[in-house]
């Protein structure tokens, strides 16, 4: 690519994709079908990878390509596959009654978005690419967190956790010049993979012993 | 320093002796006889060393100014293992060593009762550790070290109290003791921290008269903290709640050492802090201490009268006597405030003299009670009786102890209470403020206490040792073993000596009063070259137990002469007690302990609020009952009004809080989420 | 010789070796061997640190200062004790049919990896790597928590991993912020993320970012360290895990999390001055101490009670550090060490009780443990006395040092609060243990007296003995080394 | 102050001989006041002799305490008597004990009296001991307060010194303080000597008796010692009362004249006080046991007021 495209385009791209990530997050928050959720997550991760790619392209940062690649392999392909397999295995498709109904959920998420922007405001000046990517990142973290509270199925909680992690990665890309040092990226990447596998194992065992994966049934340990 | 060499050496010997005793006890776990002999033997040896050390130190004036040496090197900041022998430490060291010696001898016999049943080795080890830590409490020269010794003392005491842990009563008593004592320690830590803040280190030398340099507020706070902290250990009302329970369930030799020595640690602490550290006292300190002393004395003896459990009865008397001791200390503080050094020393001596007296006769009484338990396997006086015939020596020793604790001449109890009376009476003139009414009033209360104590011990001795045995156990009672009798004999001798020759003993107080009030009183207190105890005023007011004793003996001539004149030919024969004609007087007809104290229970009904329950079964008229069941018991007002509600409150609140950990992961996530949001907003 | 490398490699090697089918005896002795080695290396490390100030390897990828060396010692002590105890423990579990041989092997494989993770946490120079290592410890321990595969243990594991990874995600965000601050700071293409480097430039960082970073790290690593109100997973995990794992979690893992938190604390203090971070830490520390008291007072389960007492001690350590005077920090570090020696003993004793009485509920165990398991009960009493802060055990010293330091620095209220909480805990522990230890055992247990009497006693005696020795005597180099650590935390070069 | 054997001997004899006479007189006058002839005043002497001559029956349940008590009771009372100035201002043995010692000695006697009552194991004895100790307990503080009042005004607890001080011109004989203190001490005297309205010395009705109940098992010379001890105690208390509060005519010096006057004055004062006791006994009925504390608390309050008034008048 001999003519280096102007940063404006890049930053607009990034802003766009970040916004889409947020939208996907909100969708994820309100819709109950588990398979859809997994797909939504995969797409969200794809946008994350896209952002990483754009950054790498415009900053000529080789490392960040690696990040993008890892994201695609791990979060767009492997993890969704794993989760789908799980879902098929345990034949549960629906998230039944979350704690809050969709309307309330949306309102809470709106509040969280607001908070995210407030927290991120002091740093918008520091961002090079696209404004308020950081705000989106923090919002992802907060909404993901809220999603964990709001969901009862073990798997959807795992998904929520993964979106939180997406948010963190987005923040990393948004804030730092060339992403985190590679060794750290690898570390994080493998940790996440292992974490999901272990969670898979646990979900499996829980399903075996409780013949259900409703985490609100896990309340034997008190006091 | 050379006149300090011998005490220092002996002290080290003694301390290591205790340690060795503890180790021996643990090493010989499996061989109980050897453990018994070696461990208690070493304890006895160590305490003999202690006695000699302290007496020489006090006599040779090695304690004129405090002497210190390091026991161990220390590694943590602020902590030094300083052993510091000054007059006060030596005096209390004398008490612990004396009692330790006697009770170790006693235990040689007493511990046989545990053979095959309990682990004598462990018991002996804890016993040694208790003596060791208590000695260190009196000799510690560094607050940090003091607290360590203090806590170890509490810990070992706890283990010994709950040694016979098979009974739930024992376990609860142990827990109550330990919790109260730990709360007390909390107060002490805070108090010492206040001093520490002022002086910057924990050395007792640095604390000397520190209070004068502190702000009044902190000084008063420290006073109250120490009063509460040491008060718990000493068992002042209303912090005494643990004492009757603990002393009654512990093995008797432990009760004896607890009541004789361990609660005295509280007295030691108060004397040390009030007279040595906190500097010139404001008036209300003395007034408070005197008031608390008076209240403790009266309430202690009143509750003692309501008991028919021999050891609980004795325990309540410990509260009473602590009260009497505090009367002396309180008066002394008031005199220090009004600048009457001479009277201050008199009152201080009165208090401390009563301290050692109480140690001696209460130790003796508990040992006696132990012998009785050993023989009858019960603490309930209603099941005793007639033991004077079966346990002659024990009865004699117990009687001496009873006379002594009832403050009757010619024994030691009377001497110290006489000194207390004297200081209270002379106190009236020291001030013109209304406060001086405190003195005669507490004097009158002291009189009431004395009379009630006499009543109580007529009951204790009479019901336990006299008349017919009230149970099979009592009927088959046997005399205690030799070592148990020997130890009681020693303490009996001590009672007599401290009663007959106070002026000899008073010399030991000179360095002490010199240190705290700058006065030496023993010369003024003795008249007629030491035969007579004087109240150190020109107007006279003297007493001589020796003289009275001799007088009494010589007056025996009167009955003798009369016997010669008239009764030579009179014969004596045994007959049945008058039984109003229906033949055969059974033990059931005897006056019971409960019955004996009934009039007093009625008089002080307002305080005791006795629970009384009578069930009559009758055929045609309630006046001809076929069976009558009578139940009556007195529960302490502090127990019912303060401690139980408090306990309920705390546990109730805690149970409510358990709901936080309800088990739902969503709830837990919410906790974290809210924390996060709050922090983010806080950071904005 | 590359000490740090060895310290990391020894346990990993043992863990991988245990993957091969081997008899239990060999596996446990392998672990013992590995941790014995790490202990020795740790001691050597102390000397090197004293000699050179800091030790680095793999061109500064691994980095050890006095604080790390101290942590290495703690981790090795706890792991060594655990692996000494674990052997017979799982023998009996297999005998009871509580675990299958495969699961037992799982333990012997995962435990060394768990410790290796912890070693990496305290030896990593790069904050990101440190984060990854913490995550690794969480992942390796969660399967241990779920080892028994009971409903409750799965529940505990689930809560542990969910709360833990969530917290760690936040911690990662914090780490990202620190790195961002570093990026903003120097214009180099890929700025170093090494602790040793960050400390040198901490002054110029953007305070707002560091503030945010510390908040997130506090919540994140605080979750792992069990600070209230993020502690909720702690009693569940500690009570459901096999006793050796509980010992590891409470004895080492909590403190490792505190260590990670400390690194951020030091950085923040260096950047913002002590006020901000100190007050937050103080608040969480005191909160944890006071929250623990009521739960101990009315607790019904032995191991949960022990867990809450750990919560209380963690709170005390944080409070001591947050009081931020050399004396209090010294006390806090000392307290870490003593607690690491004490708490495992209690969990081991709880393990023996559990295997004999087949329950941890006070009501079921009932009175009379001293009669059924004399040796265990005796050691438990001593350890409990130590944990409750009674002399002659070190925790009394460290607690009194912390309080005195606070008073000396004029922090009267805090010190009084600490004292109150400690008294409350004492009363609770005493009350609860008196319900089970003394007395006459229930008839159903009276017959299996002396069952499993001496199993695990050597391990307990060893740790308790060490505690007693180090309570009255600390080797001079160790003392100097702790003082260096104090200076590091206190921000004094 | 040095001891004079002669004084000691004389006072001992005086106590021994005078005590029964006093009780005899009181009994006799009481009878007269109740229009009875009554026993002659020297009846107690012959009683004592008779008791000494008689054989003794000792309960088979009793222990050595039973035989030990009479001697203690008798000798403690006697010794107490030697601490009180009777005819001369200087008590023969005031060096050996002050007023507190005197109270102590009497308490010692009571202690063993009560034990002696418990020893044979009869219900009467126990009842007597219980009541005796109870009443003593409530009487003691009142007594002490009264004594304190005097001791504080005299600035000493030494009886001889108190009396010497009371003879000094500055001493206000009838100041309210002493009046009330006297009243308090008089009530205590009634209680301590087992007189109506507290106890009835004449009765053997089990429900009303206190002192007699304890002596019920005693016979022969032990009984004699007990009775004698009781009357000596009564004499001692009366002496204390009269000599402290009405110090008129006490012999300051050992001249025959002074002694003579002293003896006469002493006799006169005792007669007056005895008369007062008789009047009280005949004009009052015995109180119920649980009313007695009210009486004694009245005495206590009197003592308190006495103290307060010292506080006011100084």
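Labels A, B, C and D are assigned to the chains in the order they are written; within every chain, residues are numbered from 1.
Everything below uses one rule, namely that a contact is a pair of C-beta atoms (placed from the backbone, for glycine too) under 8 Å apart; a residue touches a chain by one contact, two chains touch by 3 or more.
Keep in mind it's a predicted model, so treat the numbers as computed, not measured.
Asks: Indicate, using Cα centroids, the chain positioned nearest the centre of all protein chains shown.
Replies: Looking at where each chain's C-alpha mean falls, the closest to the middle is B.
Asks: Looking at B-C and B-D, which pair shares more C-beta contacts?
Replies: The comparison resolves to B-D.
Asks: On a C-alpha centroid basis, what's the spacing between subunit B and subunit C, in Å?
Replies: Taking the mean C-alpha position of each chain, the two centres sit 45 Å apart.
Asks: Quick check: how many Å separate the C-alpha centres of subunit A and subunit D?
Replies: About 102 Å separates the centre of subunit A from that of subunit D.
Asks: Between subunit B and subunit D, what is the separation of their C-alpha centroids in Å?
Replies: About 35 Å, centre to centre.
Asks: Determine the centre-to-centre distance between subunit A and subunit C, using the mean Cα coordinates as centres, and give it in whole Å.
Replies: 32
Asks: Mind pulling the residue numbers of subunit C that touch at least two other chains?
Replies: Residue numbers touching two or more other chains: 158-159, 162, 166, 170, 212, 235, 295, 298.
Asks: Subunit A: which residues touch two or more other chains?
Replies: 119, 145, 148, 215, 218-221, 223
Asks: Can you pull out the residues of subunit B that are in contact with at least two other chains?
Replies: Residues 658, 661, 665, 669, 676, 680, 683 of subunit B touch two or more partner chains.
Asks: By the document's touch rule, what are all the touching chain pairs in this structure?
Replies: Every pair of chains meeting the touch criterion: A-B, A-C, B-C, B-D.
Asks: Residue numbers of subunit A touching subunit B in their complex, please.
Replies: Those in contact with subunit B are residues 99, 115, 118-119, 142, 145-146, 148-149, 152, 215-216, 218-223.
Asks: Any idea which subunit D residues touch subunit B in the complex?
Replies: 1, 12, 16, 49, 52-65, 71, 74-76, 78-79, 82, 93-98, 100-101, 103-105, 107-108, 110-111, 114-115, 118-127, 129-131, 133-134, 136-145, 148-149, 151-152, 154-158, 160-161, 165, 216-217, 220-221, 224-225, 289-290, 293, 300, 303-304, 307-308, 311
Asks: Okay, in this complex, where on subunit B does subunit D touch?
Replies: Within the complex, subunit B touches subunit D at residues 385-386, 388-389, 392, 395, 399, 403, 406-409, 414, 418, 421-422, 425, 428-429, 434, 436-437, 440-441, 443-448, 450-452, 454-455, 457-459, 461-463, 465-468, 527-528, 532, 535, 537, 539-544, 547-548, 551-552, 555-556, 558-559, 562-563, 565-567, 570-579, 585, 587, 589-591, 595-600, 602-603.
Asks: Over in the complex, which subunit B residues touch subunit C? Could you list them?
Replies: Touch list, subunit B to subunit C: 72, 75-79, 144, 147-148, 151-152, 155, 162, 165-166, 168, 171, 174-175, 178-179, 182-183, 186, 189-190, 193-194, 196-197, 200, 202, 650-651, 653-655, 657-658, 661, 665, 667-669, 671-672, 675-676, 679-680, 683.
Asks: Show me the residue ranges of subunit A that touch subunit C in the complex, using the header's touch definition.
Replies: Residues in contact with subunit C: 63, 119, 122-123, 126, 141, 145, 148, 154, 157, 161, 164-165, 167-168, 171-172, 175-178, 180-181, 183-184, 187-188, 190-191, 194-195, 198-199, 201-202, 205-206, 209-210, 215, 218-221, 223.
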